[in-house]
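Structures given as structure tokens follow.
In the two complexes that follow, chain A is the common piece, with chain B as its partner first and chain C second.
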Partner chain A sequence: MNAMRRTAFALLAVLYVAVPAALGSNNYLMGLVVSSLIVAGVAVAWALLGNLGGMVSFGHAAFFGVGGYASALLTMKLGIPVLLAIPLAGLVAVLFSVAMLPALRLSGPYFALAILAYAQIFRILATEMEFLTHGSGGISQIPVLPTIAGFDLSSRTGQFLLLLTLLAAFLAAYDAIRRSHYGIALRAMHDSEDATRVVGVNSVLLKSWMLFVSAFMTGVIGAVNAHVINFLEPDYAFSGIWSVLPIVAAIFGGYRTVTGPAIGAVVIYLVDQLVFKALVSTGHQIILGSVLALMILFAPDGLLPLLRNALRRMRGASHA
Partner chain B sequence: MSELVLQALYSGLLVGGVYALIALGLALTFGTMRVINLAHGELVLLAAYMAYMVESRLQLNPVFAVPLAVLVACTCSALVYLLVDRIRKNRELNSLMLTFAIGIVITNAVLLIFSGDVRSTGSPFMQDAVQLGPLFSMKSELGAFIISLVLVFALWQWLSRSWYGRAVRAVSSNRDAAKLMGINPARTELISFIVAGALAACAGVALYSSSVVHPALGHALTVKAFIITVLAGVGSVPGVLAAALLLGVTEAMTVTLWSSALQELVGMTLFLVVLLVLPNGLFGTARRRG
Partner chain C sequence: MLELANVTVRFGGLTAVQDISFRMGGDQVVGLVGPNGAGKTTLFNVISGLVRPASGSRVLFAGGDITRLPLHQRARLGLGRSFQIPQPMHELTVRENLIVAQRFGAGRVDPRKIDRILELMDLTDQAERDAANGLALQELKRLEVAKALATEPKLLLLDEVLAGLETVAKRAFMAKLRELHETLGLGILIIEHDIETISSLCHRVAVLDFGQLIADGTPGEVFSNPDVIRSYTGAEPVVENAGVGHA
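Let's turn to the complex of A and B:
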């Protein structure tokens, strides 16, 4: 395990230096990488709820939109500094997720679609509450990320480093939760929720915590995104794409693994933007849909476990 | 004002009839296979675009598209069944994501082939006004409502009287016991998917004739059908009809008395309230979802 952690740190260090060095001069490619990290953040949050909490959500756009709007309004109306507003936006997303707690009683598909309903309701509210959100006209000129100690976070490289740091922190938190005794209880709940309750685990409380953590992460990413693109409108901030892309990414990478969703998001997003979009411009989501369907049918555990198994088999062959 | 309210009530009822048709297909497959077909609204969408194709290419009344629409929707529905049936692991959630993915594929295929423009029938026959006392509607709206009622009644009779209908109900209440009674569950499930496809086809043609269609509609219809299924509770055809009419009327009233932007909000709120407060729906037999 230690070796794996060391590799992870080494890989992270390489990413910090190598990506800006290689792509830093290409604003377009760097922009795509930044967007892919945003999707990766939501994918990790989605997978945390799906894997540890056992709840599939079709409405993570709800938290993403709330986070974005909260941060935009906190900075613009109350003058709170951007870097403080971003975690606060995460907390606002948690606050909104409290409204979803009754849905935790619902099982599988009912929960998934109840969350979808919440996302729709939030989108309509954001459109209708014009005094706060400017309605469908949207909010423009959202402040950019600040300059810290002479380093400009609003540059593409700065955005990249901030998002990579956030993503690494999310993954570390995810891993820590999974290893803790809460993680063990959550995994036991997967096999039998009733049996886990019988041995004294408060399953509803644990699930609520997972919902809160997932909402916080998604809200923070939504907030960063708002400061990266500097514009929000309800149909964009609460767009179904923020619910769909993370699902495709997490399933593609393997949503039962910690790093799979993040890697899947970067791969899927970049391939989608660079290849699929060039092939079919208007309906390129058709390929995303096909990928999701094929993954569920042929490799429901994702590509990462598949690759790992293949690697193990190859190693086994060389030992023999 | 009271005239406006009456008119809204009437228009809402007419739309509710078509909603019932869509929701029944979803409820049927959910009943037999315990799988929520999230591509069901997209089947309706496909059928609606078949009607558009027949009208625009062959210059025929959209009604003549029914055979083609039934063929296409039933084939796709059967395909959805065959794909879902391949899932072995964690079927409840994986089938949800698989049908969700199929829905995305269908929506974008429609977008690629027919473009994102809003389409509606150009047939003057369909758009003629019909007056019922003080109430107005298009001929097609009233026609769609009547045909929907007839089909809902036919499905109800089929489920309660025919051998296959009983087989569907048997599989839905206890798969293993049904197997012991000599029913082939796989075939029964396939039949329920094909019947659901046929209902979706009729709903699609009715929707195209009486309203407007665009590619993103499929997802919205799936959500509406699911809302109705939840409102109705599992296992009652008249319940689905009542819930569909209720949703149609509530939406129409919201548009008339409040604002058209809030139409969806009311449906969603109704859905959440029923889901969280009345876990068995308004008309369902006792069954836990927890």
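Let's turn to the complex of A and C:
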């Protein structure tokens, strides 16, 4: 196990204990942390498709919404237990992503726009299929997360621990894929697709797998979110914010890194809610936008590489 | 080993390759020559699967019809190719380039074999370098061939792999190609402009002009063909010592 991984595990262990210990009694702050982890989950899923698959998606709201609705309907209409419905909802998102496979033939902005269109189609479907989704009126009283072995997952601390576990699992999966031969081939495909295909890489198949994995992760997070907020309506579940915020977070944190998108999501969400919102209660997103613009201009690789480079420089200076 | 039957390629109103039929065995080194725009690279693209030919065209390889087969499946069948402008896989080291080629082209990873290929292509010292940004032109050209070798090919398609190299580097590269042919038993189809190189390296030469095959034979026959001289060389043919590379 290298130093980086040891640090990640240690940090995770600290987070499991320290955050509930420090903030557990503050429902508002824990709520913000839970929301930031939801954005982080989608940001990791988005970055997996963007970084490994080389496909910039503007439509992850589609998977998020499908996952939320699927889990809500599976639990409410079929009586499936919540903790089983959540991964099933991820699979439903994968199933819906199959409809997007033709878009894999496109690249760059064409792919991004096609996925955006899919997200809109799913939103319209959720609105129009009233017999199933209750249309624009939405679904209320979605079951809360259950209590397992006496531990209430529907409490803020429970939600936090569940989301942190999912996020850790996503990051581990992302890292494992990235290190595998498939991950190496995927990274190579970005700027040299013909060069990889000509040595036997089935680029369409690999991209499809990345789309499925990304859809699954986003669907699962969408499902958890549905059981956290207990209410869904199409305009919320398929809102563009679920497509845009993860992109902003991933770019801010460093979308070429594995953990950057997650860290970026948590930092951006919490700073926006706790600092910028306190400074400018209406339109605080303007400050967020400005910070992002500055990051892109002066640290285009994102926050994590920026911190790493700063640390290296400090170590270099101390050794000199 | 490789057979093209009535291959035609059209790009809109332009016919880049017209009704070409051609056959080569796996024990041959064949040169493909012709002026710029004659259709040589397009023909390579048809064989390797990057360009789909017009209906009625057929590409057969190792006994099977591969005309409609996707690019990656052709590579797995044993068709290795290099690009005229080297295309290293970005973000990867030289070794990782070979790992990807071996894993997906040959279906397994054998680190010892990768070491042997690196050694064979004089890339051992460059193995951990960034392939896209850390190599000189001749190293990139060697990497092109090394990647193709890692897929364990039966036939190598080499697109101007010697172009841009200085005389000494070119001779060394030619010796390497001969070694590959003789020791690994690889068939080689090579696009090259230099007549001397072709004459000393190849058993056979095929000449394209305006998308048509205008000559096919030994280097001696081809480079003394008046049609070839007129359309391609514009100079006196090199007849003496032609075709002795493998004689």
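The definition used in the following text is that the second predicted complex is superposed on the first by the 318 of 320 C-alpha atoms of A that agree within 3 Å, B and C clash if a C-alpha of one lies under 4 Å from a C-alpha of the other, contacts with A are read in each partner's own complex, and residues count from 1 in each chain.
Rule of thumb we're sticking to: a residue touches a chain if its C-beta (ideal position, glycine included) is under 8 Å from a C-beta of that chain, and two chains touch if they have at least 3 such contacts.
The structure presented is a predicted model; accordingly, all values stated were derived computationally and were not measured.
Taken together in the superposed arrangement on chain A, chain B and chain C fit without clashing. By the document's definition of touching, of the two partners only chain B reaches A:244; chain C does not.
Counting the residues of chain A that each partner touches, chain B and chain C differ, and the larger count belongs to B.
By the touch criterion stated above, A:297 is placed in contact with chain B alone, chain C being left untouched.
Touch criterion met: A:185 reaches chain C, while chain B stays clear of it. Of the two partner chains placed by superposition, only chain C is touched by A:194; chain B is not. When both complexes are overlaid on chain A, the residue A:103 reaches chain B alone and has no touch with chain C. Contact with chain B, but none with chain C, is seen for A:118 once the two complexes are overlaid on the shared chain. Touch criterion met: A:202 reaches chain C, while chain B stays clear of it.
Figure legend note: chain B and chain C, brought together by superposition on chain A, show a least Cα distance of 8 Å. In the superposition on chain A, the residues of chain A contacted by chain B and by chain C do not overlap at all. Partner chain C is touched in their complex by these residues of chain A: 181, 184-185, 187-188, 190-192, 194-203. Across the complex, chain A meets chain B through its residues 56, 58, 102-103, 105-110, 112-114, 116-118, 120-121, 124-125, 127-128, 240, 244, 247-248, 251, 280, 282-286, 288-290, 292-293, 296-297, 300. Residues 48, 50, 70-73, 75-76, 80-81, 83, 87-92, 96-97, 99-101, 103-106, 109, 132, 147-148, 150-151 of chain C are the ones that touch chain A when the two sit in their complex. On chain B, the positions that touch chain A within their shared complex are 36, 83, 86-87, 89-90, 92-94, 96-98, 100-105, 107-109, 111-112, 115-116, 219, 223, 226-227, 230, 259, 261-262, 264-265, 268-269, 271-272, 275-276, 289-290.
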